[in-house]
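Labels A, B, C and D are assigned to the chains in the order they are written; within every chain, residues are numbered from 1.
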Amino acid sequence: MIFFDCDYNQGAHPKILEHLASTNWEQTPGYGCDPYCEQARTLIRELCHAPEAGVHFLVGGTQVNATFLNAALRGHQGVVSAATGHIHCHETGAPEAGGHKVLALPTGPEGKLSAAQVDALCAAHYQGSPPPEHMVQPKAVYISHPTENGALYTLAELEALRAVCGRWGLYLYVDGARLGYGLTAPGTDVDLPALARLCDGFTIGGTKCGALFGEALIVTNPEIDRDFRYYIKQGGGMLAKGRLLGLQFLALLEDGLYFTICRQANALADRLAEACRTAWLPEYAPSVTNQRFFIFTEEQMARLSEQYVLSLWEPLPDGRAAYRLCTSWGTAPEAVEALAGDILALGDRP
Amino acid sequence: MIFFDCDYNQGAHPKILEHLASTNWEQTPGYGCDPYCEQARTLIRELCHAPEAGVHFLVGGTQVNATFLNAALRGHQGVVSAATGHIHCHETGAPEAGGHKVLALPTGPEGKLSAAQVDALCAAHYQGSPPPEHMVQPKAVYISHPTENGALYTLAELEALRAVCGRWGLYLYVDGARLGYGLTAPGTDVDLPALARLCDGFTIGGTKCGALFGEALIVTNPEIDRDFRYYIKQGGGMLAKGRLLGLQFLALLEDGLYFTICRQANALADRLAEACRTAWLPEYAPSVTNQRFFIFTEEQMARLSEQYVLSLWEPLPDGRAAYRLCTSWGTAPEAVEALAGDILALGDRP
Amino acid sequence: MIFFDCDYNQGAHPKILEHLASTNWEQTPGYGCDPYCEQARTLIRELCHAPEAGVHFLVGGTQVNATFLNAALRGHQGVVSAATGHIHCHETGAPEAGGHKVLALPTGPEGKLSAAQVDALCAAHYQGSPPPEHMVQPKAVYISHPTENGALYTLAELEALRAVCGRWGLYLYVDGARLGYGLTAPGTDVDLPALARLCDGFTIGGTKCGALFGEALIVTNPEIDRDFRYYIKQGGGMLAKGRLLGLQFLALLEDGLYFTICRQANALADRLAEACRTAWLPEYAPSVTNQRFFIFTEEQMARLSEQYVLSLWEPLPDGRAAYRLCTSWGTAPEAVEALAGDILALGDRP
Amino acid sequence: MIFFDCDYNQGAHPKILEHLASTNWEQTPGYGCDPYCEQARTLIRELCHAPEAGVHFLVGGTQVNATFLNAALRGHQGVVSAATGHIHCHETGAPEAGGHKVLALPTGPEGKLSAAQVDALCAAHYQGSPPPEHMVQPKAVYISHPTENGALYTLAELEALRAVCGRWGLYLYVDGARLGYGLTAPGTDVDLPALARLCDGFTIGGTKCGALFGEALIVTNPEIDRDFRYYIKQGGGMLAKGRLLGLQFLALLEDGLYFTICRQANALADRLAEACRTAWLPEYAPSVTNQRFFIFTEEQMARLSEQYVLSLWEPLPDGRAAYRLCTSWGTAPEAVEALAGDILALGDRP
């Protein structure tokens, strides 16, 4: 079987394993206070044009999201999210376990929150009847970029969100679990300095973008960054051998490898999407990143499932279902060619 | 000004004040372990035909809801609620502060959850992709009776909810903050023994139904009732002079006063609704209890607001707004007549 | 039986019942936004010489302590307390349920924390090995005045605590569940303006000092007071008929009744302590307030227990036990005379 | 500088890096559902003689402790621990962040809890005055083996703890962050099957015993194991590429490597302890594992600090301080010889 179901089913880019091996016997301080983490922090600050930002390395996505929210929000405050947002749907209530309600808003198939939606929610909160203290106070906006459905915000959309956050005193947080695929997608005008300028915090995802594991969290708001390491430790996110994280981000970022491998995954996903469109498969949600979403009949999927694993995304009332086709930094081009061919062959039948 | 905005703007039925005064100098043990609480417990168990049920007295509604949920749910479990449910909208995230996500479902204007909705949510949770442990496990259903919008479940609807709860291993909890108005509404087939038979826990609201304050919580599921007093104490709900609660419920329930005064409030609300309908005011949400919801133009409300306070419920896009007209155990019939007259007068203008 | 076991076994001072009765049919806004609460707030600000302070009324002691701590502390911060402190021992982990560790320090029999202890704890936290983020950050000091054992801080001791709190950036919070007895004890130099000047928050206890229930919370630190009502609501402490609290504090404070009745309770406790000392009973913990602690043999207690209920405080290894003798605003002088006589009679036997 | 300050300052045993490299391009399911995790689970169950036990792999120690406690305890329950226990001192209040109080008990220099202590604490909880519900209910016992101070429980001591846990309905949990060093210490009669038989849960530490990172958690109590993966996910402990954990434990356990490398570290620590004793350095806490604790004067430490890093454990009032000397799976024997020689040289001076 060849897996196109997700972007975390292989190990890591070989350069990372080499870094780990070559430094294995060195003795360094623990908990992220080693020279490799420090170098990686410096590099990230440079790439983000954010010389004062806090940079922290955590192991996983649910962990980093919950840690940021716990540090950012007081006990009566919640976070606005798309109803399809990862923190709302697929983190087993980690924000709520920390005491924070997710204020979910409906979105279209792209899974993008709009500034107008956030504005309306805040206006409703403060309009006076009932008094606001009977409701959870909105204090942060969570978006993912790319979204859960692979879509990208434009710079203008992010700026509008930033403006509305400013108007109501909200933090803006971007979950960048797949940020590499977003930053290298054709036509995007969002880059690291823009994120650092517009967000109070955002992540550069490693796990899905070439690392064994690890998310880099950039906290540009010093109010949130103060005492941040307490939250990392309390939340179980302070890796004893923290250098493992610094080393990986160094390997990925020091010469642009992160962007190279993600750009290639996007291109491979393009190849699959092209095949799907050629085979007249309906597109479920528009995406230009490494995740693509198409609708298959049961019979079509039965044929593909003989050799490939795709990810069931949403069963449809008519018996068909939306599936995710996912490439990654480690996807073999030959595998893509094979799948593309078999998708095209689907089109041959009525 | 005459207030029709809510059912908690006056003190208590005089009988309650008399009970407090006549027992004032007695010395009794604290924390609900006094003879009056014990008598009230016995009486409630009799009225509910639930001789084994746990009966607890707490001060307020948010408190009793949060305490029940904290006792019933483990940390990875959430509670299904209508999107208009009080715990979802107007308790400042109290369930989430206890670590529990509210799994909100949309409803019609009545604000009622259906068994089919709960069934579908549970089926989706356990269907396998993603694996259930990535999501909050549904473990309880919260409904209010009457609902936030004054509607009532039928016995058949409650039995269907109970059945679906049984199928998926969920608890059924009924917030009865206005239960007195629900149990005495014309045509209802729900009574206390039915609630005790079908629910794992439910409340008999005092605050809005004639008491100074206080909610009686009946816990019929011994698994939840075990160690329940720890949760009351931890949640700040264990009144030192607990007898104040027992005395009030005795006063209300020992001779049916609770039902008498609530039935009368429903009748007064009928009178208001009749006036509204006669004046061709559109009904926003159907109700047969003490809360009625009608739509007024700005000009109409300006006229009424000279003498009456109603509760803004929902601004409508066309400039009109839905308002709540609320009677209570303490509403003066003359005040109702006055308001009814002035509503009828609204109809005179085009 | 005559009860000397606690100060919350009777109703309320009659003046309070009168206030409730005379205002019963008035219609007022809910949730503490009524004129009576507003008058009580103004009066308390005057008595405290704290015109800017936030004043909030909550129902009970565990509730008010937890609410203050939740509003004051971020998630990685804890509260320093005597190991005998109420929040550490007898609130079923309410601070921890809100996510906050109690950093407990041992004390002598008086149950008083010293400035030096707090200073040493903070110095240890920040000394560097292990780094502070591996430990809970001390951010508040909790004391009770009188302490659990009836002892009082001097003004100089409070000023020293305030100074050490300032040095390390800690809040100072005083649990005044029995404040009335403390402020009227002979020889004390602590008064309401001193508390308002030195503390970030403190309570004026009603439940144990003449009210049916209720604690007034004075928050002098605007950083903590911001959004405070959200915490009250979320914690279940926002009484729908909030005026019940305002009315009670008005009744107690508007003409000094609070101080009169507490001073008398102290005097009655003096009478009991005098009897104990005359009967050569050893004093367990020194107190000049309404709680006194003496050591009785099993045989002595057996004799007293025929007519009186005292509170077992601490079993001693030799079979004797420390008991609390507690008077209150409602204690009958004749009951005190009777008990004093019977205590004196204990001394007649070897 | 040569580091003897901790056992997590190097990478991993080379065999682990080889495993990671050789499997790097394989595609496997995520979240610990891969064949390597499954093999490691089977192997651990065999080694523990616990064919039914749940086996879970988490990244770090604070995370695994908090996750177990969150799954095991209801909201009103706490965990008994030595006052020196890691969860009480050095996890930034992670148990409290999950709502659970640590009920800390004082211990001697070994840091071991006794069955008698736990028994007394439970007896006090249930003795009736005040009623138990005013206090946190003890529901679990946390011990570390070896303890924070390197000491080991005997099998008899564990059995006594198990018995007292049974008597009061408590769970027994063993934090085995350094379990390898404990199981291979000379003279111990505790082995994996004994732990599996006596505990409700325990960990086999990887991070400090040869792995890059990772703790294996064995849950023998099915009541706790039910739904356990929800807690792992919610707590941020579900590694996307879960096989990284399975692979490491396979590498360590499949041929006894875990025990070999830990036994050697103990022997190297023996060599250091022998040198310390020969140099007449006072022993601070007795240990037969990889951590040893000796007291040094300032002048002695100044000399050693020129070449070695040791871990300050406890400053003493007289200016001296206790230090930890720590070996690990990766300690070079030559480094130990060098340090031992320099320690012996300390003894030459008066």
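Quick notes on this structure:
Basically, a contact is a pair of C-beta atoms (placed from the backbone, for glycine too) under 8 Å apart; a residue touches a chain by one contact, two chains touch by 3 or more.
In this text, all values refer to a predicted model and were calculated from it rather than measured experimentally.
Should one ask which of B-D and A-D has more C-beta pairs in contact, the pair is A-D.
Superposition of chain C on chain D using C-alpha atoms only gives a rotation of 180 degrees, nearest 5.
The geometric centre of chain C is 41 Å away from that of chain D, both derived from CA atoms. A straight line joining the Cα centres of chain B and chain D is 50 Å long. Taking each chain's centre as the mean of its C-alpha atoms, chain A lies 34 Å from chain D.
In chain C, the residues that reach two or more other chains under the touch definition are 75-76, 91-93, 97-99, 133-134, 230, 233-234, 238. Remark: chain A residues 31, 70-71, 74-76, 98-99, 131-134, 137, 227, 229-234, 238 touch chain C in the complex. Chain D meets chain A in the complex at residues 1-3, 6, 8-12, 14, 17, 20-21, 23-30, 59-64, 66-67, 91-94, 97-98, 207-208, 212-213, 230, 233-241, 244, 330. Every residue of chain D that touches chain C in the complex is listed here, in rising order: 75-76, 78, 89-93, 95-97, 99-102, 104, 129-130, 133-136, 311-312.
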